[in-house]
């Protein structure tokens, strides 16, 4: 039951994050197609964040589906993940409104990095709880994609200071990599 | 269980979309009935979008009720549908605030069209998964209304460039057509 | 199951309405107690609407708990109720920001009246579905409070044009009347 | 079932409160790291409120998990708690935007105090309902942390008038104290 309510609360928070981001896409004053042009970077930011939050929901869903139990530490590790994800509307808007300049793109990468680390923590708390020989641990495997995401985000942040679009391209790369749902847990469905 | 959490997440997103749209109806500064007049087009937009999202919730509910299983593709096709629906608050506000001028009404139609296509994709992914001879496929039938909606939206977008109110009238026509809940799935309740 | 998902969707919409209303209470620029004074009417509006939405949630919950089945008509009657309730953030803000002048208070009453009528419709659709001799119909009884609310709101709107505070007082009276949860359905818990 | 829907509604409201607070962190106009500096106090406010709401969710979850029944009084006591929590986005923004000046910090403490009292009421209503010798009452124990929180908040409000940062430090102290999930109820999981 604890697991059920934790899933419900996470679903609620993720559903709200993914939906309120659209409020940051301010309605333009003009009525022509050209008036939409300044919104294009905000829209691209929005698409990236929408996909990112959807990926987190999807992976979170599969991981918790494979889990059999939770405890206080898991609850707080999950809240920690939600905290970093809750900052996505802010960084999405800042990055989009400033047409992908260096600092906002680097901060977007930093929030993505922290969310990636928080997800990694959650996965490992659940592994510790279930035991290293459990079916959960076997389903999770070596979590290569999780580790790789964190590394690519770190590189992406660094490369923002060469050119922000390189950083942005790497963030899209991580999204593309995760886009395929986590086959590891699929057998358990 | 995957189906249950996908329904819960979709319900959450749809509930938030349908509710935050009201935040785009800016409170007027004056205190008379005449001060409400400039809000009237925003209100009409709001009513159309409220009905549209409610129709999607209703049909989505009936369709998933008839479904027995999901997979990764269904999850992503569902997320794709939610993406287009999440843009409704934006296009609703833009169309309403500009008193139904051509471009905003055409864009509203485009988002409606994309949502219609995304719903069609979801229906067909579910049919593929259940098999063409399944009770699900029989319940779905030829999906005439789904195909018709997409066609009317496409015509509506074109006719916006003759007069935007013709496009708007066609969007209302689609809503009226779907307003009646999907009898096809009712026997399964 | 249809009932379960309708409850979940209604809960979601009501939870969002009750929570986003606080966004209309704009943060004052000053930092003293006196800077809160202009917000007082907005706060009073907020309290009234918070209580109203909570009453609807409470009664809706008890009524659906007593219900055994739903159909397409019930789903749409429920959506109709949610539509009027979704306008509460707008009328709450307009009434509060204008310090309870006639037109905004009358409009607040009108939305309350329409929500009351919509609730009455929903109750009667459910009665029709269950049958006039069903345990549901017996639990609902003559629905005196529902009818009385609608009458008091109508009188309140009229008396706004004598003095808006009379109207406001009557809206608070209706809230006080409903504040006590619906004992009729309690035995069914 | 009443308990289930009360949990679902509370989860919804808490998920929305915790998520919409980020909308009060206004996107800065500049694009450098220094442009983030004025947002720092808002961010600190946000972190405190995020942790506070998460604590309430966590404790609320554990307490209701131990509960076996509810009644009308419990429903309204729960709504009363949600009311005070719903004001967190407002006081968080006011405190953050004014860089922790006396009045906003004191008001933040007042809302925290009222939420603490409301939680205490809810705990005691549930104890009354289950009986003083019930397993629920034994699980709740003497509720030392609940009483202590209320006392520290009251002292914190008073000390704001010496220096607001002393008040703020005490609010963080309460959060740190509750951060550890309520072990009392853990055995019941």
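Order of writing sets the chain letters: A, B, C and D. Residues in each chain are counted from 1.
Basically, a contact is a pair of C-beta atoms (placed from the backbone, for glycine too) under 8 Å apart; a residue touches a chain by one contact, two chains touch by 3 or more.
Since we're looking at a predicted model, the values are computed, not measured.
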item	value
Most widely separated chain from chain D, with each centre as the mean of CA atoms	B
Same or different contact residues where chain D meets its copy chain A, judged by the half mark	different
Rotation angle (°) superposing Cα atoms of chain A on chain B, nearest 5	90
Computed distance of Cα centres, chain D from chain C, in Å	26
For chain A paired with chain C, centre-to-centre distance based on mean C-alpha positions, whole Å	37
Shared-contact residues (touching 2 or more other chains) in chain A	8, 12, 15-16, 20, 23
Touching residues (chain side chain B, partner chain A) in the complex	1-2, 5, 8-9, 12-13, 16-17, 20, 23-24, 71-72, 75-76, 79, 82-83, 86-87, 89-90, 93-94, 97-98, 101-104, 107
Chain D residues touching chain A - in the complex, by the definition given at the top	7-8, 11-12, 14-16, 18-20, 22-23, 25, 27-28, 31-33, 35-36, 47, 50, 54, 57-58, 61, 65, 179-181, 183, 186, 189
